[in-house]
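Chain lettering (A, B, C, D, E and F) follows the sequence in which the chains are written, and residue indices restart at 1 in each chain.
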Amino acid sequence: MEILFEFLKTTGFAMMTWGNALMIIVGIFFVSLAIIKDYEPLLLLPIGFGAIVGNIPSIDSMALNVYQEGSVLSFLYLGVSKGIYPPLIFLGIGAMTDFSAMLSNPKLVLLGAAAQIGIFLTLIGALYLGFSPSESGAIGIIGGADGPTAIFLSSKLAPHLLGSIAIAAYSYMALVPVIQPPIMRLLTTKKERLIRMKEPRHVSQREKIIFPVAVFLISALIAPGSIVLIGMLCLGNLLKESCVTERLANTARNAMIDTVTIILGFSVGASAQAQTFLTSQSLLVFALGAISFGIATAGGVVFAKCMNLFLKDKINPLIGAAGVSAVPDSARVVQMVGQKEDPHNFLLMHAMAPNVAGVLGSAIAAGILWSIFVK
Amino acid sequence: MEILFEFLKTTGFAMMTWGNALMIIVGIFFVSLAIIKDYEPLLLLPIGFGAIVGNIPSIDSMALNVYQEGSVLSFLYLGVSKGIYPPLIFLGIGAMTDFSAMLSNPKLVLLGAAAQIGIFLTLIGALYLGFSPSESGAIGIIGGADGPTAIFLSSKLAPHLLGSIAIAAYSYMALVPVIQPPIMRLLTTKKERLIRMKEPRHVSQREKIIFPVAVFLISALIAPGSIVLIGMLCLGNLLKESCVTERLANTARNAMIDTVTIILGFSVGASAQAQTFLTSQSLLVFALGAISFGIATAGGVVFAKCMNLFLKDKINPLIGAAGVSAVPDSARVVQMVGQKEDPHNFLLMHAMAPNVAGVLGSAIAAGILWSIFVK
Amino acid sequence: MEILFEFLKTTGFAMMTWGNALMIIVGIFFVSLAIIKDYEPLLLLPIGFGAIVGNIPSIDSMALNVYQEGSVLSFLYLGVSKGIYPPLIFLGIGAMTDFSAMLSNPKLVLLGAAAQIGIFLTLIGALYLGFSPSESGAIGIIGGADGPTAIFLSSKLAPHLLGSIAIAAYSYMALVPVIQPPIMRLLTTKKERLIRMKEPRHVSQREKIIFPVAVFLISALIAPGSIVLIGMLCLGNLLKESCVTERLANTARNAMIDTVTIILGFSVGASAQAQTFLTSQSLLVFALGAISFGIATAGGVVFAKCMNLFLKDKINPLIGAAGVSAVPDSARVVQMVGQKEDPHNFLLMHAMAPNVAGVLGSAIAAGILWSIFVK
Amino acid sequence: MNSGVQNIVNGQGIMITISGMLIVFAALAITSFFIYLLPIFLRIFASILPAEETSHHIPAFYSAPEDEALAAIGFALHSEAGGSMVGKESF
Amino acid sequence: MNSGVQNIVNGQGIMITISGMLIVFAALAITSFFIYLLPIFLRIFASILPAEETSHHIPAFYSAPEDEALAAIGFALHSEAGGSMVGKESF
Amino acid sequence: MNSGVQNIVNGQGIMITISGMLIVFAALAITSFFIYLLPIFLRIFASILPAEETSHHIPAFYSAPEDEALAAIGFALHSEAGGSMVGKESF
């Protein structure tokens, strides 16, 4: 019977800690949120399930978790820790993004810059709370509302916080419909929320083809740290818009991005082990993350109001909230809040402009932070 | 002409051994079996072709085979030797498996446990024949009738036997329609084979969603060694059943599993070089493997008969044979054997219950063996 | 303001060299060629965009380019430098190639051998210009008109020239419709160009299934260096023709090959940094590459004319030009040139025979060169 | 090679078999029991849980549910397979 | 942990924020300006550039545009999804 | 850089070319001959080989060939694309 008793010592029951149990419940909560509330299910479901898997305790000699050399999960996690998955996700996103809305109304691009104030003010907050400068940079990026960018930058600046930062970023991205509306209403008058915007002009295919090459050159020359993310985004978009590589674009935005999404989500979740995740630092990261989303939203809305001081064709300031890069959730929130006031006001397409600009803005901000903090 | 002669010395003809020639013929036999007999073609064809490729002799300095550092095949083989491909296969299998039959008739789950006796009795047989304990564990797993599980466990416990064990497992899985029927008929009476089973009840979507999470927690806490395989199986199933990540499930069960299947089969085949494969050990592995399939089949059938002693609604003991994890071949064999007696008896759906339970059972057994034998 | 100035020093503008600027323009030119002229867009577009990305200058500490250890691009580039992507491309090509034309007219296979003279004469030319023997072998392979084969062989024989050789190979493959016609016209009389060929016979499925196994054995035993490329080509073809693994063939020729194509093209392009690429050696490589394509074309056409001396059913010597492995571009060029003389002469299917034979021929030639030059 | 039976004893073959089968049965018996209880629990909690949708929505990927809205503002939405501008999912 | 404000000063938080926002704005303002100029430039060069095709060809993958031709020579072309012999693309 | 012709001699360029072309031709000539013989052999063995099916079955993936059977027992089979319970293939 010795073998049976020896074996029982290796079971999860015997080694379970309260922290593990709590994280398993958190994982189940994420999965439930994804399924019941339909919040970012493509990410919350794999992350949640990963958190369940990552918190089953096991004896060290079996090499099961993401941090143990030679384990299967450690190989899958390499794509996270080396920053390989985020650019591949960006390739797929590029191949499914239509920049028309942005091309037809270039001034809305600036809203995607304004919302990045969330990143930098959160950085100051993190410094204030005692995080090191490069940790602060990584935490700040949560305000960019972009999961792959957050993973990419954390893997470079603060690998030990990667789990918390990634999960905070995805959690708040899932909560965009909860976080943004009150801030948007608080900062706008009813009259502003009723503003209707001019129908966007038609964009030629030639513009759509030239755009990804041009925007890559601009971003990359100004902030070389954004080369990988924006390079892949623009390559994906060029594959789509060029019309001569449709089959590549199709694979990039389907089989390729789906495969990477499953493995990225699962291994990020599995990295959130109680032992490394349940720390006071993680709590601070989550608190700062929530604040950063609020600031980013406010930044976009307020900047839109400022722009209106100089514009003849007024912008509906609600679309400033779409300056965060949570595509397309933020744009949908704008549409929703706008339609509460006027069911015939269709802001969705207009909001897509700052929304995709926000993706560029947050990737550029990540590149800048990387340049500043790299050793 | 010196170059020509030097070159001729590097050709395959010059270095061919009888062993290589034999293995090439075996490879061609596997390919033929796959194509002509339609036996597990998705695996036997890549494995057979891999065996042909792996047995072309070449000079060492060219680094061509799976065992030579830096060769292309050695990179593809990493996913086998590190145990990475099997969990990915399980992810895809999870995304294509419907657990309804099992959920609607929970007592049939036990048949999936009973059939695992094949694993443990084979382990005893292997010990008897002089294999080391961990080799014996790896050989025993052939009785689980599950290719990915066999590869996973051998890569951990007996990497030097991986080729023989994997090929034995897949060979016998292909031969399920040949191996199982005589044993099934031998152990059952005609009256038993005529038993009709009650129509299964309808299973709600909610049950199907909760199931993968619950079964993962149960298996993983009891046998942490099964975390990776069952974790991926359950993640895949959750992607499918949740209805909110349909695109991920679709990629997992198509592009992802197909790609891994080709490369896994090919590199397993290529690892079966005469020099390492044609040993008396391999012969013993094959002999033990055949026995283990027989025992597993018998174990399931006999256990079903035992259950009938206590049950009011009798089980058709044929479905016990589906307790091995060869999905869906075993279940089809049950249907076939049952219909020979009574063409209007439809056992297929009932047999799917022990069949998918067998997948869980063999993965759990692998986890247990890993825990016991890990150094 | 110090941070701003420090940052400005890290921007691409500050560190840009004339070479980088030139390479970015070359990249844009490639992309334009792909989109406007539709020249090999699946490859020229990712390569061109990669060249743009690879020539954005950055500070060393950020580890951005393919040559810096730990950078994302260096991981993607591993598949190029280790020769892993080319066999995967060949797997997909195998799964989309129909060898019927060749099987129905076996003597045309010899044209695919004749065109490989381009490889060996270019090797002599490269030796003459002072390249080392193994460099000369790698440069010669450009004459095989096969991108994956060129990358595979260069990664083995002359990794430092890989970028130039790959880009030269793909560039000239894109220019096949420009390079080949004048040579074809020069070497043939009008009467020859008007020759109509006999309708090919029907090929049975059984022949198509046996062929990939047989041709693999023949090629691999004669030139073991071609095992990996031809092995994968034949496996892919067997997956397609066997009719029992259709789902694997489908994934191989779609999601799998597309994913590898994007990443291969992008990382080859990104490896073409001005610092390593803009050398006099590269210029020589390009010059030799152009010559090799010309010789290969001439070799095929002249050999076809020689064969006609002995044949009753004359071959249209134009199809000799399809002996290079640029599938299906060369075959289309033959069709086009033939139709200029006689719009009712359909040479396409006939030209496919030497064309697919050329793929085999160039892979075999690569295997031979690898055997000869491997240390 | 030692005597076969001695190998089994040394390798604790019998103990491994008994323990192993016990654990496999334990895991699947608990699973079986859980599956048995699951619909009962769901029925008990049915009153507090929201009614299950008879046909759980299967999202049309990258379809744009605001189509009518968009049509209204007359903006050409490229909703070709897999590449709409306003997809359902984000990554 | 130092005093929070001191941390911000040591970490140059304010400077990073100002510089960072300046650079983000610079990049996106240039992008915005480029987008604004792009159609103007394209209109200027319209005369020298070829007329844009209204519906840029989207290649039917692996379709064989020579179908008629092939039909004429009566050769069975296997043009099932994704696996034609005379595809459009090469790799 | 040495004299070019000397490089060729040192590098055995001519020998490599002759040997290389010989081997390439040998490989493809054997292939060609094999292809030529193949239908002849197949015809000779036609009597002992089973008749080739005119349309070799192309399996409908994950279709359930027992559909009628299943319908008979009235069990809802989810046979949506790619995800049936009783697939054709196992992995």
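In this section, a residue touches a chain if its C-beta (ideal position, glycine included) is under 8 Å from a C-beta of that chain, and two chains touch if they have at least 3 such contacts.
Treat the numbers as computed from the prediction; the structure is a model and nothing was measured.
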Chain of greatest Cα-centre distance to subunit B
E
From the centre of subunit C, which other chain's Cα mean sits the farthest off?
D
Can you tell me which pair among C-E, A-E or C-F shares over half of its residue-numbered contact pairs with B-F?
C-E
Using mean CA coordinates as chain centres, what's the gap between subunit B and subunit E in Å?
45
How many angstrom between the C-alpha centroids of subunit D and subunit B?
21
Calculate how many whole Å lie between the centre of subunit A and the centre of subunit D, each centre taken as the average of the chain's C-alpha atoms.
25
Using the touch rule from the top of the page, what residues of subunit E touch 2 or more other chains?
12, 16, 19, 23, 89
Mark out which residues of subunit C touch at least two other chains, giving numbers and ranges.
3, 7, 41-42, 222-223, 243-244, 247, 250, 254-255, 261, 368, 372
Pairs of chains, among all present, that meet the touch criterion
A-B, A-C, A-D, A-E, B-C, B-D, B-F, C-E, C-F
Which residues of subunit C touch subunit E in the complex?
1-4, 7, 40-43, 89, 92-93, 95-98, 100-101, 147-148, 173, 199-200, 202, 240, 249-250, 253-254, 257, 261, 326-329, 331-332, 335, 344, 346, 348-349, 352
Hey, which residues of subunit C end up touching subunit A in the complex?
3, 6-7, 10-13, 16, 24, 28, 31, 34-35, 38, 41-42, 45-46, 49-50, 52-53, 56-59, 61-62, 64, 70-73, 75-76, 254-255, 258-259, 261-262, 266
Which positions of subunit D touch subunit B when the two form their complex?
1-2, 4-5, 7-8, 10-14, 16-17, 19-21, 23-36, 38-39, 42, 52, 56-59, 61, 89
Considering only the defined contacts, which subunit B positions touch subunit D in the complex?
102-103, 106-107, 109-110, 112-114, 116-117, 119-121, 123-124, 127-130, 132-133, 136-137, 204-207, 210-211, 214-215, 218-219, 222-223, 243-244, 246-247, 357, 360-361, 364-365, 368-369, 372
Listed in rising order, subunit E residues that touch subunit C in their complex are 12, 15-16, 18-19, 22-23, 62, 66, 69-70, 72-76, 78, 81-87, 89-91
